[in-house]
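The structure that follows is given in the form of structure tokens.
Naming follows writing order (A, B, C and D), and every chain is counted from residue 1.
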Amino acid sequence: MTLQIQNLGRRVGKQWIVRHLNLQVDNSECVALVGPSGCGKSSTLRLIAGLDSVSEGEIILDQANVTHAPATQRAVGMVFQSYALLPHLSVKANLDLGLRVRGVRASERQQRIQAILDLVQLQDRSEVLPAQLSGGQRQRVALARALLRDPDVYLLDEPMSNLDAQLREELRPELRRLVLDRHKPVIYVTHDQHEAMAIADRIAVLHSGRIQQVATPADLYHRPETLFIAKFIGRPQINCFKPKDGAICAVRPESLFFANEGLPCKLISREWLGSSQLLYLDSPHGSLRLSCSTTMEIPETVHVSWHSSDEHHFDATTGRRLT
Amino acid sequence: MIAFLLLPALLLLLVVFVGPLFRYAWLSFHADSVVTGLIAIPNGGANWLRLVQDQRFWQDLGQTLRFSGVSVGLELILALMIALLLDQRWRGRDVVRTLTLIPWALPTTVMALGWRWIFNTPYGPIDHFTRMIGIGSLNILGDPHFTWMATVWADVWKTTPFAALILLAGLQTIPVDLYEAVRLEGGNAMVCLRRITLPLLRPYILLALLFRLAQAFGVFDLIQVLTGGGPASSTESVALYAYWNALRFLDFGYSATIIMASFILISLICVVAWILLQIIIPTHSKSQAVVEP
Amino acid sequence: MIMNQIHFLRRILVSLIVILIASTCFGLVQARTTESVSFLMAAPFADATQDLVKQFNREHRGEIHLHVIKGPLETEAMSDLAISSLLLGKAPFDGLLMDVTWLPKYAAAGWMEPLEGYFKQNDVDSLATGAREGNSYNGHLYRWPLTADMGLLYYRTDLMEQPPETPEDLVEVSQSLQKKRKVNWGYVWQGRQYEGLSCVYLEMIDGFGGDWIQPDDNQIGLNLKPGVEAAAWLQGLIDQGVSPKAVTNYAESEALQSFKVGDSAFMRNWPYAWAELQKSDSAVKGNVGITTMVAEPGRSTATLGSWGLTVIKGSEHVDAAVEAIRFLTNDSAQKQLFLKSGYTPTQQSVFDDPELLQQSPILAEFGRALKVVKPRPETPLYAQVSDVLQRQLSSILTGEQTPRIGMDRATSNTNQILISAGDRP
Amino acid sequence: MNRRFLVGLLLLWSLGPLLWQLYTSFCSDQALTQPFASIDQRWTLIHYRNVLTANPPFWRYLVNSLLVGLSSTLLCLVLALPAAYALNRIPCQLSIMSRLALVGAALFPYVLLFLGLLEFARGLNLGNHLLALSFPYAALSQPLAILLLNNAFNDLPPELEDAAKLEGLTLFQRFRWILIPLISPATASTAILVFLFSWNEYPIALTWISDSSKLTLPVAMARIAGSSIYSVPYGAYAAATVLGSIPLVLLVLIFQKPIVSGLTSGAVKG
């Protein structure tokens, strides 16, 4: 089972929402779609789900072309940011509805719902309305509904962005367990790069409706293809020096270190981050961010240096990486 | 699929709203009366020529405009006062709001009958009252000078709750801190009304005005039952005249002409009223200039 | 034993069946022979004919049952009710009591059953001459008169020997009586803007030798010499003080009120006023005479107002309805209605009845007036045409325009109506 | 203090005429001609008896109006629900234009349509069929109903329907299980407003119905007014007024919330 999208695009009026999308997601693989808001992440997901119509390109699911198949006939399991649980139906009825219209027999439905509730650990909440559940529980019901669908592909649209940070971290491994064990392609949309790096096998970065790079988290971090990705991935943000000879040199804050010789900088402020601290420095090349161990005492004026292997170079006009 | 969902409603709307209008436009250039056996025969512009000369039509039109103008004006003022009263917080407010809605919900003809009794000379309470305070019997439903006022009264009574409810909905969208800001700058209640309430209420006033103006122009039920258009057709409205032409005089062609003329006029009036109100009520931005100097 | 029982049962069964069949047949016969007929009448007429209807049903038991639907009090409301039924198709009544001015409209609409097959020439001949008017349209007889009504000139027998005959006489007599302070006003009539004003005017335009709508060529005569003269004369009555200014707001009851208390010398009104003037609270009781409207010599007329019965087209009981109409309009019924409710008869024989004449001599005067009745224009558009006339007359009477201009306007408006409604090209 | 006075005045203005009718309906004819004098036989139920035993009895009109009201409401909703839903699914500009047209139609003084509808009734022989009235009634209340329901559909989160699509629910199933239940408050408001309209409508019923046993309440009331033969018929009028008002007063008292929210939502968003 693989999902393949080729040169996919959607146009509304004269404007392309997304265009030239190419992506392949294999069995058991989780690809995260990340990007700033409005970059077309959710639109891509909706195209794959069949909720919006495709203007060009193709979607191929397990060798079948489903580009123009209606949503009701695609085997797609989707979890929405708002969970999209029906507020007037109990948890059980919410799960039951889809099974019933797909013609599953009553006894089997009962059994499958029970099993899935056990799986998401909501056995005792089956008769409760969604409004009476906590955010995390609702999210698990939404997930359970997608699992019950037994789809060919899972689409998760910012499933955790309505939860608080702690809950998110708790749920992440559970999500991996539940979804990735199904051995189906998974697309996970998020605006949170940490989440993406934590959960995804590969990450696709979208910008203005185009995919800029698809790579493993490590590749993305260490070899960003564009200046945009370099800036977007990694926190604290990468340092960019002023363009010189049509090229921009960028260095990650953690690659900077203090040296006796090097760039003379003035300390402007410092942020204590627990395991490390972030320094804001003023240098002749512009302001710099530097993260270092907390134990270090910082004088007013420091000299900063880095290894040339840690430098990333980008074309100043196109933003493309220069080798 | 979408077309399939829209089609039944669209078809019904076309048949009931658009169909008659086209039919009227067509009929207004035909003789279609009892003389022709209720069959339409082209008669050029004779209906329209007749309309221009028809004193009864122009009298009715004047009466209808007087009725609409006076009753809608009174209604809006009264409705604004009621809405301001109901916008404040006090015990039992919801109950009072519900009770004031009752006149609006009753069938017009039911209370038109009631008003006939209330305005009755000499047994109605109004007549008793005027005699008691020394004005004497006014013969309200028999004297053309007073009858139209009685129709206005009955109309205002019935339709004010609706206008009040719309204005109340508008009042409740106005944030309280706007008033507080004006108060802090030393503005009194009048300033609040002129600078905040009226400008922010404008869309609601417009809606209530347009809706009520159009409905008042088509006044029919009330007049037909309360006065029958009399005395001496002094309260007859254009809608009632059109109705008489069709169902009493059996002259469908001319009735259609009257309706067509009314339709054109009411459209014009609504546009004019809309423009006038834009001018009268100060706009949003001016009010904000006071609040956020 | 058992055989006996079976026999007995069979006998019971047979007799039951026989009874059943017999009663069914009887019921069928009963149902077939009793025709139910219903007439719609305005409330006062329904009340007045109540006894007659009972009598009819008694005499026709098992054959026809007449049911009178009591309509609204106001005649116009009753017409509205009838029209709204007829416009939608089948009416819930077989017959309708109809005012003389409605007939052309209903007949032109094709709602009336022609009755000439039922009422033959000898039936028509038995009617008083005036009552023969206003029953036909386009050569078909549609209506059979129940009661006649005509405009009359009431005068004070204690103030004059002979009633005036010409318009000039009336003004002269009035002014001299007013000068002598015998009466406040000379002549009261119906000057309000309503149908009564059209009736007043009709008598005057005919009296001056004209026609509202000329019968021969269908032309409008309002702005011709007699038409303008008639309007000018009426307006002059107010100007000269013969009639009070308030007459422009008088209907029948106001005029009657003025005449009844002895305020005026002449009044135009309908026959019903006679009975009112003979009541004990009348100041002129016993001093009232009746004649027809003043006019140029030989042109005196009385506006015809009469009520008659019609049969609705499509009725399944035309024969029975005609039977009922005959009963309600026969001599004895008319006598009864005249004596009990003061309804003017329509059969000539009733006017000639010596017994009745002795009982109420005024009947002779009614009979004389009925000879000169004049129907209002027989057009289906009468209501609109009359409305135009009333409007123009009203503003002439209140001095807003001259008779000449007013009548010109009335003529052109009337023409416009006739053209727009398709009555003429 | 001041407010209490104003509220009292407001209530007197709104309810006074009704209470006067109530008072009148229990007064004997004698008492009516001398309303403030003391008379031995002031109170009577005779007017109610007269009205209820008339031919046809008064409750017949209530039943007729109820039938017409219910069938019109049903027909109106059946047509308006899909249309209101579809209005969100057509191109944006077209949708805005249609909504404007609907507002215009809702403002239109529908009494002017009587002639066209009368010709319609004559042509198709719909006169004197009580339930045929639901056809013009449903059409006339269609603009308001579509606007109100469209607002309600607009307020629904689109993901709910998207999720159902992915679950494989067809359009009809989505209506049945998701859309209809979720907009039921708005549907209730709309239904009550449409019912009120149909119950109160006069000119169309006046021209479509002439048979006295099929009259709806408003026409019956008007006919009572025109056909009275009593000298002082106002006792009977008042009894009829009271009987005709009771159902609606109850309706308003019971359903005030949906009525207010229906009217208000129409105003705020329309």
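One rule holds for everything that comes next: a contact is a pair of C-beta atoms (placed from the backbone, for glycine too) under 8 Å apart; a residue touches a chain by one contact, two chains touch by 3 or more.
Treat the numbers as computed from the prediction; the structure is a model and nothing was measured.
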Specify the chain with the shortest distance from its C-alpha centroid to the centroid of every protein C-alpha atom present.
-> D
Chain A and chain B: spacing of chain centres that average the CA atoms, whole Å | 59
Express in whole angstrom the distance between the two chain centres, defined as the mean CA positions of chain A and chain C.
-> 94
Centre to centre, by mean C-alpha position, how many angstrom separate chain C and chain D?
-> 42
Length of the line joining the C-alpha centres of chain B and chain D, rounded to whole Å = 18
Set of chain B residues in contact with two or more other chains | 247
Do you know which chain C residues sit against two or more other chains?
-> 77, 80, 84, 87
By residue number and range, which residues of chain D touch two or more other chains?
-> 118, 207
Select the category (line, ring, star, complete, other) that matches the graph of chains linked by touching.
-> other
Among the chains present, which pairs are found to touch?
-> A-D, B-C, B-D, C-D
Give every residue of chain B touching chain C within the complex, in rising order.
-> 31-38, 41, 43, 46-47, 49-50, 53-56, 228, 232, 245, 247-251, 253-254, 257
Can you list the residues on chain B that touch chain D in the complex?
-> 1-3, 5-6, 8-10, 12-13, 15-17, 19-21, 23-24, 82, 85, 88, 90, 92, 94, 96-103, 105-118, 120, 123, 125, 128, 157, 161-162, 165-166, 168-170, 173, 204, 207-208, 210-211, 214-215, 217-218, 220-221, 224-225, 239, 242-243, 246-247, 252, 255-256, 259, 262-263, 266, 270
Going by the contact rule at the top, pick out the chain D residues touching chain B in the complex.
-> 3, 6-7, 10-11, 13-15, 17-18, 20-21, 24, 32-33, 35-36, 79-80, 82-83, 85-87, 89-90, 105-120, 135-136, 138-140, 142-143, 146, 171, 196, 199-200, 202-203, 207, 217-219, 221-222, 224-225, 232, 234, 237-238, 240-241, 244-245, 248-249, 251-253, 256, 259-260, 263-264, 267-268, 270
Across the complex, what residues on chain D touch chain A?
-> 157, 159-160, 162-170, 173, 177-178, 181-182
For the chain C and chain B complex, residues of the former touching the latter | 76-77, 79-80, 83-84, 87, 105, 108-110, 192-194, 379-381, 383-384, 387-388, 391, 412-413, 416-417, 419-423
